[in-house]
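Given below, in the form of structure tokens, are the structures.
Presented sequentially are two complexes of chain A, the first with chain B as partner and the second with chain C.
And then the complex of A and B:
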């Protein structure tokens, strides 16, 4: 699975097709494709340096890819949350939103009411006059997402909106993301949390700039070859150790097709991503 | 402590620009300033007008560099000589015969150090002429000086504030325009908001103008305040056209703001931006003629002065404020500032485009 098939693209309004990006001699993205459908959330997952931010920057228009093509609406219809939250620390919450509204030419009472509702729902209403630089990390992320949602974008690109945020703020942020998708926006977000990715309609798994897996969470889980077993401790067998990872106090071992396993478990998205990463690592080591 | 020292050295080694500033700049500044830092004026640009102007010009001491002669009647000669000083073509004008009958020496007090050097020379010549008057013919040049009436124009009391304040107005504009503005874009980059601007429906020119207009307004307010204080408190005259001065200031601010944005666009951090801005400010203060007379700077270093925008603004501000110099004679600094502004702003917008319009795919 490497992304949308060529035949799927007409139904997918926005995204990247076989995009590559190089920084000097470093290949940050290698032929990565992702489709972002209207009214749905597409999650990009991967470890540090996987290429998530680079891909999102390409799709949002903040970075020109060195190869491949990007489909995105005009700038007027894009909402973007960069890794830094993209808000001005020395402007208040209200001033940040005023600036964004002015740039996008947003006027009218309806827009004002909607912003008011977002601020109220996410607990930012009382902080309207506080400088963004004085807000907590979670509050700044929420402000960044609300600002990105202001133009009612067709494409909403959110770079790790929930990273480093407390559970209550995470819930607030997901309320905003779901609200945007329900309003018809095509949402592309990156996350390091696989439980969040499992809530997305489509998931793209990246590793070192390459696609490890792509599809719906169910498709990715179903694509895991072989079986996964739960064992209480780290396996003694050297070969099994190479295919084992720790999860929630126990160890899991991936057994390729044809290798018998005791106590197999039904994999979830986290297992599927771990297996995909392991397979890539083992293939690299054996090559 | 050792760990701290090692860490600092490692960081310093990787910060090439700071390292270069710490090692190369002091040497460079020492060499440049060694040649530039001089109040001694050896060449005094001089024009001679009136009957026998050519003969008098050839008889002048070597330090008076003859920039032009004009053989004419006494009345015409005086007018021509005053115009030459007003237009900055010379620091001294010798009129061999004025309307009053005797020779007249006009000294441009707005070129303070040159004027002081000229007055010292005249005093020395007069005492020499008195000593030799009975023994031999002192020559027409010495005679012209010895018998002349000396008038110091534009700054009769040779006040330092008269020449410093018009120039300092330029330094303040450099400070606001280049140093403060240089922080503007890099602050956005460091905060991550520049990336946000890149995907917004804004053209690079919108962002560029949006960034510089507030600083432009502040610079104009600063300029007005500096001039008002200069005139009201220090008694500096404003004899020329406000419109000509305004146009010159506008072009100069245009250059300094463009330079500030350009510096900002090539800097990764605010520290780097400040370093670069200071590197442009320092030579402007020291080599523009604001402190040391341009004619005192050796030729090998003087060419740097002619690349610096403050050199031209100082010419305009002193020319307009002190000598009421018209735009017809000030066009070279105006043209240079306009060209420099276009180049600097063009480069700044080009740099802006690199990160504000990275992808054409829309």
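And then the complex of A and C:
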């Protein structure tokens, strides 16, 4: 699975088609595709250095790819939260939002009420007059997402909105993300956590700039070849040990098609992504 | 908003397991810490024995970092007492501890080999030019840490923390920014270290990671609000789940009725054997299908009423650790 099939594209307004990016001699992205559908959340998941930021910058228009094509609306219709900043530290919460509104030419009572509701609901209302630079990490991210949502963008690109954020702020951020998608925005967000990616309608798993898996969570799970078994401890067999990983106090072993397994479990997204990473690792080791 | 009270969670065990006194590696007894008029830690009891992996969960400001700094003797207590290996924390007892801070604690301008050699010299008092670099890191051994991918730097930091065979590991969000398979591998290392007899205290914001711990301690407002295994903390609690093809319309109806719904996607994590029936049995509406919204703390009947004639299924399913965490933190 490498991304949307050519026949799917007419129904997908935004995204990247076979995008590659090279920095000097380093290939940061290698023929990666992702479709971003309106009214849905699409998640890009991977570790540090997987290429998530590079891909999101391409889709948001902050970086021109070396190869491939990007579909995006005009800049005014894109909301983009970069990985670290996204807010002005020396402006207050209210000033950040006023400035952003002025830039996008947003006026009117309805927009003001909307922002007021977002601030109230995410616990930022009491911090209106505090400088953004003095907020906790979670509050800064919430402010950044609200600012990116201000122009009611058609495409909302959020680079790791929840990384390093505590669970309470993370829940507020997910409320904002769901609100944006429910309002019709096409949301593309990145995360290092699969339990967050599992909330999305479509998931792209990146590893070292390449697509490891892509599709709906159900498609990614269904694409796992063979079976997965749960065993209480690390397998003694050295061959099995190469296909095993630890999860929640027990071990999972992946058995390729044709290898019999006792007590197979129904895999979830986390199992499927671990198998995809293992297969890539085993293929690399055997090559 | 009405207060959500769940008696099952309110009764979650507060006491930890019995650990023989001689075996306790680290202990906090009624420990408090006050900064000016702010109480950061308020009467916390915590004990870690050999072989245990204790997860510290809490929102920002819950007191996790303050507690760890007191355990290390880097911050004096305002009340209660702290013991490391049965003694007051000291330079000698800290030598038996492996501490992995969020910032990894490596010197950016030294290579992995130099970092490991320096750390060994500090801990053993013997300088030596050659240091054993683990096989998996050997190809990176001569590269300055600032030029390494974060995942590699994180493995190097683990190697450094484990190099002096610590009896107690203190890990502050040890796997953030790591891909799922690499995270599973780091947890293999952590659990193997515990199986070899060390005690481990881990702070984390990740519920996936919390489920790797043998025991959890949930902090809110500086107090312990729950302790036990993840399964004990979740207990029999259940959550109302809505599945609807038009999830956005369902979300709008729930919000209009003042119900807080959380987007949960189309797949629910599960470990049932292949072929088992899904956990949810519809209480109202159609067969479970579509995108799930979880509505914690609200009965299915109220949720079904809020949805009205919208095509959707309403079920109850086992609560998640995250949902229980929120109830505990909100009530704390």
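As a working rule, the second predicted complex is superposed on the first by the 286 of 287 C-alpha atoms of A that agree within 3 Å, B and C clash if a C-alpha of one lies under 4 Å from a C-alpha of the other, contacts with A are read in each partner's own complex, and residues count from 1 in each chain.
What we mean here is this: a contact is a pair of C-beta atoms (placed from the backbone, for glycine too) under 8 Å apart; a residue touches a chain by one contact, two chains touch by 3 or more.
As the structure is a computational prediction, the values presented were derived from the model and not from experiment.
With the C-alpha superposition on chain A as described, chain C and chain B fit side by side in the combined arrangement. Here the vertex is the CA centre of chain A, and the angle it makes with the centres of chain B and chain C is 100 degrees, a multiple of 10.
Applying the stated contact rule after C-alpha superposition, one finds that A:221 touches chain C and leaves chain B untouched. Legend: residue contacts after superposition of the two complexes on their common chain; A:279 is shown touching neither chain B nor chain C. Of the two partner chains placed by the overlay, neither chain B nor chain C lies in contact with A:142. Taking chain B and chain C in turn and counting the residues of chain A each one touches, the greater count comes from C.
Once chain A of one complex is fitted onto chain A of the other, the partner contacts of A:41 are limited to chain C, with no touch recorded for chain B. Contacts of A:88 after superposition on the shared chain: chain B is touched, whereas chain C is not. Of the two partner chains, neither chain B nor chain C is touched by A:243.
Applying the stated contact rule after C-alpha superposition, one finds that A:74 touches chain B and leaves chain C untouched.
Touch criterion met: A:58 reaches chain B, while chain C stays clear of it.
With both structures placed on the common chain, the touch criterion links A:268 to chain C but leaves chain B unconnected.
Closest approach of chain B to chain C, taken over C-alpha atoms in the A-based superposition, is 5 Å.
The interface of chain A with chain B does not overlap its interface with chain C at any residue.
Chain A contributes residues 39, 41, 46-50, 136-138, 163-171, 174-175, 177-179, 181-184, 192-195, 198-201, 207, 216-218, 221, 227, 230, 234, 245-249, 263-266, 268-270, 273-274, 277-278, 281 to its touches with chain C in the complex. Within the complex, the chain B residues that touch chain A are 191-193, 195-196, 198-202, 358-362. Considering their complex, residues 57-61, 149-151, 173, 176-182, 184-185, 187-188, 191, 205-208, 211-212, 214, 247-248, 251-252, 260-276, 291, 322, 325-326, 329 of chain C touch chain A. The touching residues of chain A, when paired with chain B in their complex, are 57-58, 60-65, 69-76, 78, 80, 82-89, 103-104.
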